[in-house]
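The structures come next, written out as structure tokens.
Each of the next two complexes has chain A plus one more chain, namely chain B in the first and chain C in the second.
After this line comes the complex of A and B, so read on.
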């Protein structure tokens, strides 16, 4: 087992009456790309803020590089590159000022690499941050997160504001190169096809709880999509074991199930249904099924 | 037949509802602040000196001073309520309606709040605050500033310069033309005439016109050419930013603190000092000749500075909700380092402000000396003693100012909710302690209450300072160096005060000075504690 970079142990957090995280236990290992997915309000950003020490662990614990991020912010944050969801950057600075300012904090800042990224992202060094478009602002934030070659790269909704070309070519390449260098990436995203393309492990959060957690290939293999055709039209969803989502009406129904395929085949056959198609669902389908079940 | 509302009426209702929702809390706090602040002073004057304020010079002077503070306490939440006008560019409403509706709400609120404050103080203390004249002027000023702000929303520098310039022009016009021949304190009390009402009406139309034109211009991407000059100037400074990297993370953080908000205080002092010089030399040359100029400038500036400080407290917040923000919070710096960068920036602010102020007073002193026919230069001994006393004044005075400013900066750092609670608690305590006993207790009980309350006011701040140091120490936010620095500050200030006032012969002033000195270094513990609290929620 690789070195554990981030560890949550029974972490719970509420804001007033709202339970944002509930008994979350997770480990993120070095050298892997971890995808964090979940619906709006699932707790993804709350989890990330605990890693950064911006939220205290009131119940449970958080360890990053074996440190408590609240007690040791310098030791933890000096090794993290972070792109926030809201692209919080000082509006009044220019791009070059922001680079100069950020460089002071990170011993590993690579000036050549930073210039290369700036050129690649087509950012005018003299442009003020407040005058950048949304996409340019996202790229500026990404530049600051990458230039010091962090041990842990945290990207909160990195694709938001980026055009499809940048998303597909640049972002994926960046994420893979970081992981290939033995560093760790954690990114949260609503674009599940993107997560599926680059992530090694996926964590699904649902109402503050961990719904799924494991290597992506295993998660995909554990789920199967079947198309069932019934002899008799069904008015309601038939009761079959292991099914986590149903779609359809009448004779033909598409089901997504988690494990126990043989048991499901037997049960379907007993209900007078034939399996006319089967396949591996996408992460998107698994997420939707989990979220709605 | 069912009558449906027109879309304009629905839109107006929606804007008014939004306004009330955004501003009611700030207005309530502002009102409590005004009444509380004034009650303390009026209460002291009433109880200690048994003065009468109605139709007296003292009453008019106090009203004149408090009026400007009232404008800031009440005007700040009103002006901040509407947020950036850019939010309304895409509303399906005409520019006229988009500007008029907020402006009418703001002006009406301002008048109503002033009227409530004035009526309350008149009832409690017979303060003699006139309602209509100053109320209408206050309403106009809020409308005018809103019009200027919305017309220059693409440049903060332009906003500041425009507001100050127009404020000065308006003040000049009112003082010179509304009540010619009246002293400054008298023009508010010169009864409301039909001419005043007409002038107010025309002035309000001017506000609407300027606001609508500016808003409409910016709405379609227009803007004043000054923005290009501002961009060009900022590019020059940006070029120098390429030159060399920062020597350390704390140097970088200091640069951020100074560039974001540190320069504001000395710049503001320079502007206010210039205004004060302008008024002294242009409008009151007689003051210069008789050597009263320094007193005038100090009073004038205190009147302007006090409410500006209140406004600055709320505008100095790091974000709309007062939180630390993702960018600032994720800097790889310890809480102490972030706090120290802030304290260093604030210290430079205070020292440079004092320097600027000294220049202003120096100019006035020089002009007063030249204008005076009895000017004589001191001898060497007098000069030496004067210099030593000046150093003593500087140590005590600058220390006290630094302590107050950095403590307020620490409160702002703790978060908006915490700041509101702290400010509200202090005001409530003073209202309870200042005016409550007068109405609720017998005179014997009042004496006992004031004895206990007085001692509580002395002991509680000291307890809070000690608690802050203990908490910071236990959280490893401060070190032995901090304690040594705190002791050095207390010692320097106390010695400086002794040099100035030589109060060892009298225990009272000595203890009072020691109390001030002990409170001064509170921010050395409070600032890192505030960062720790706000950064890790």
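After this line comes the complex of A and C, so read on.
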């Protein structure tokens, strides 16, 4: 059994009437990249804020490195590297000032590594944070999240609004973090192509609930996309077992289903349809099918 | 060793790597004794998770395509050739399956397809 880094046990959370998280039970294990996906408002950021101790668990519990992050912020935050979508950095500092400031804050700050990242990201030490371009700002944020070599790297929509070169830097940082001494990464994104590229496991949140949770290759292989051709045009979605989503009209329909292909094949031929194409859907297609179902 | 990762379908990346290494061996572009890139280097080059590359290498090793030596990396197996033969067949078989499915949906029978294959082979050779 591998080491559990983050553990949610039946966590629920509401803001006023809005239920942000419902009965979430999850474990993030050491050395793996966990992709967190879901529509806007599905609860991804609320979940992350619980890990950082910015929200206190009201129903259920949260443990990070086996600590309650609200009661033991030092023990928890010192071991986490965090990059958020808004990349909240002190605008008035220069790059080098920000680096010194962070160094004082984090015990494990690795000066050589920080300098190496600064050089690789081509960040001018004397440049004011305020004057950095969007991409350079993201790289500065990434440097701050990485240089103390955190045990857990959390990236909340890190790629939004960035060009492909900066996005590649972020993905490479994830890869290096995992390759170095098996650090753990939690990566939330709506760019499912990126998640499909780097995640070991995927958690899909849907209206605050865990919709899917498993190893990425298995999730991909469990889902199948079929094109069915019916003898007679269908006026409405045909009624077949195991189908998550339907698309089409008349004689040809595309279905996305979860396993049970043999069963579906039989059911399809019973209602006068044959399978004319078969393929493995992308994470994006699976996500859309589940979100619309 | 040139490997390309595609995101346009849902074939897991470890499988894409396994299939492409097998293909490279079958096509003779990787031969017995050739060294594969270390897990970390390939992961960084392809921008994929190192755990995924490690899984692909484990599968390639258990199917006998590569042998890993502690501390010195992974190498294409000496007995890669019999497997290469079956891999060649498998590669073609996938194409044949597609061809047959297409012929079927166009209402063309197998005998006609076989004749077409012979005719094409003849005309390509005479070119």
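Criterion: the second predicted complex is superposed on the first by the 282 of 293 C-alpha atoms of A that agree within 3 Å, B and C clash if a C-alpha of one lies under 4 Å from a C-alpha of the other, contacts with A are read in each partner's own complex, and residues count from 1 in each chain.
Note that in this section contacts are C-beta pairs under 8 Å (C-beta built on N, C-alpha and C of every residue); 3 or more make two chains touch, one makes a residue touch a chain.
Remember, predicted model here, so these are calculated numbers, not experimental data.
Following the overlay on chain A, a side-by-side fit with no clash is recorded for the pair chain B and chain C. When the two complexes are overlaid on their common chain A, residue A:41 makes contact with neither chain B nor chain C. Once the two complexes are laid over each other on the shared chain, residue contacts for A:108 go to neither chain B nor chain C.
Contacts of A:172 after superposition on the shared chain: chain C is touched, whereas chain B is not. Within the superposed three-chain model, A:214 lies out of touch with both chain B and chain C [touch as defined at top]. Applying the stated contact rule after C-alpha superposition, one finds that A:241 touches neither chain B nor chain C.
Once you line the two complexes up on chain A, you'll see the smallest CA to CA distance from chain B to chain C is 27 Å.
Shared interface residues of chain A, touching chain B in one complex and chain C in the other, do not exist. By the touch criterion given at the top, residues 31-33, 168, 171-172, 174-176, 178-179, 193, 196-200, 216-217, 220-221, 223, 276, 279-283, 285-286 of chain A touch chain C in their complex.
Considering their complex, residues 52-56, 70, 73-74, 76-78, 80, 82, 84, 86, 88-90, 92, 94, 96-97, 100-101, 103-106, 125-126, 128 of chain A touch chain B. On the side of chain C, the complex with chain A involves touching residues 5, 7-15, 39-40, 43-44, 47-52, 55, 101, 105.
The part of chain B that touches chain A in the complex is made up of residues 234-235, 238-239, 241-242, 245-246, 248-249, 251-252, 255-256, 259-260, 324-327, 329-335, 337, 535-537.
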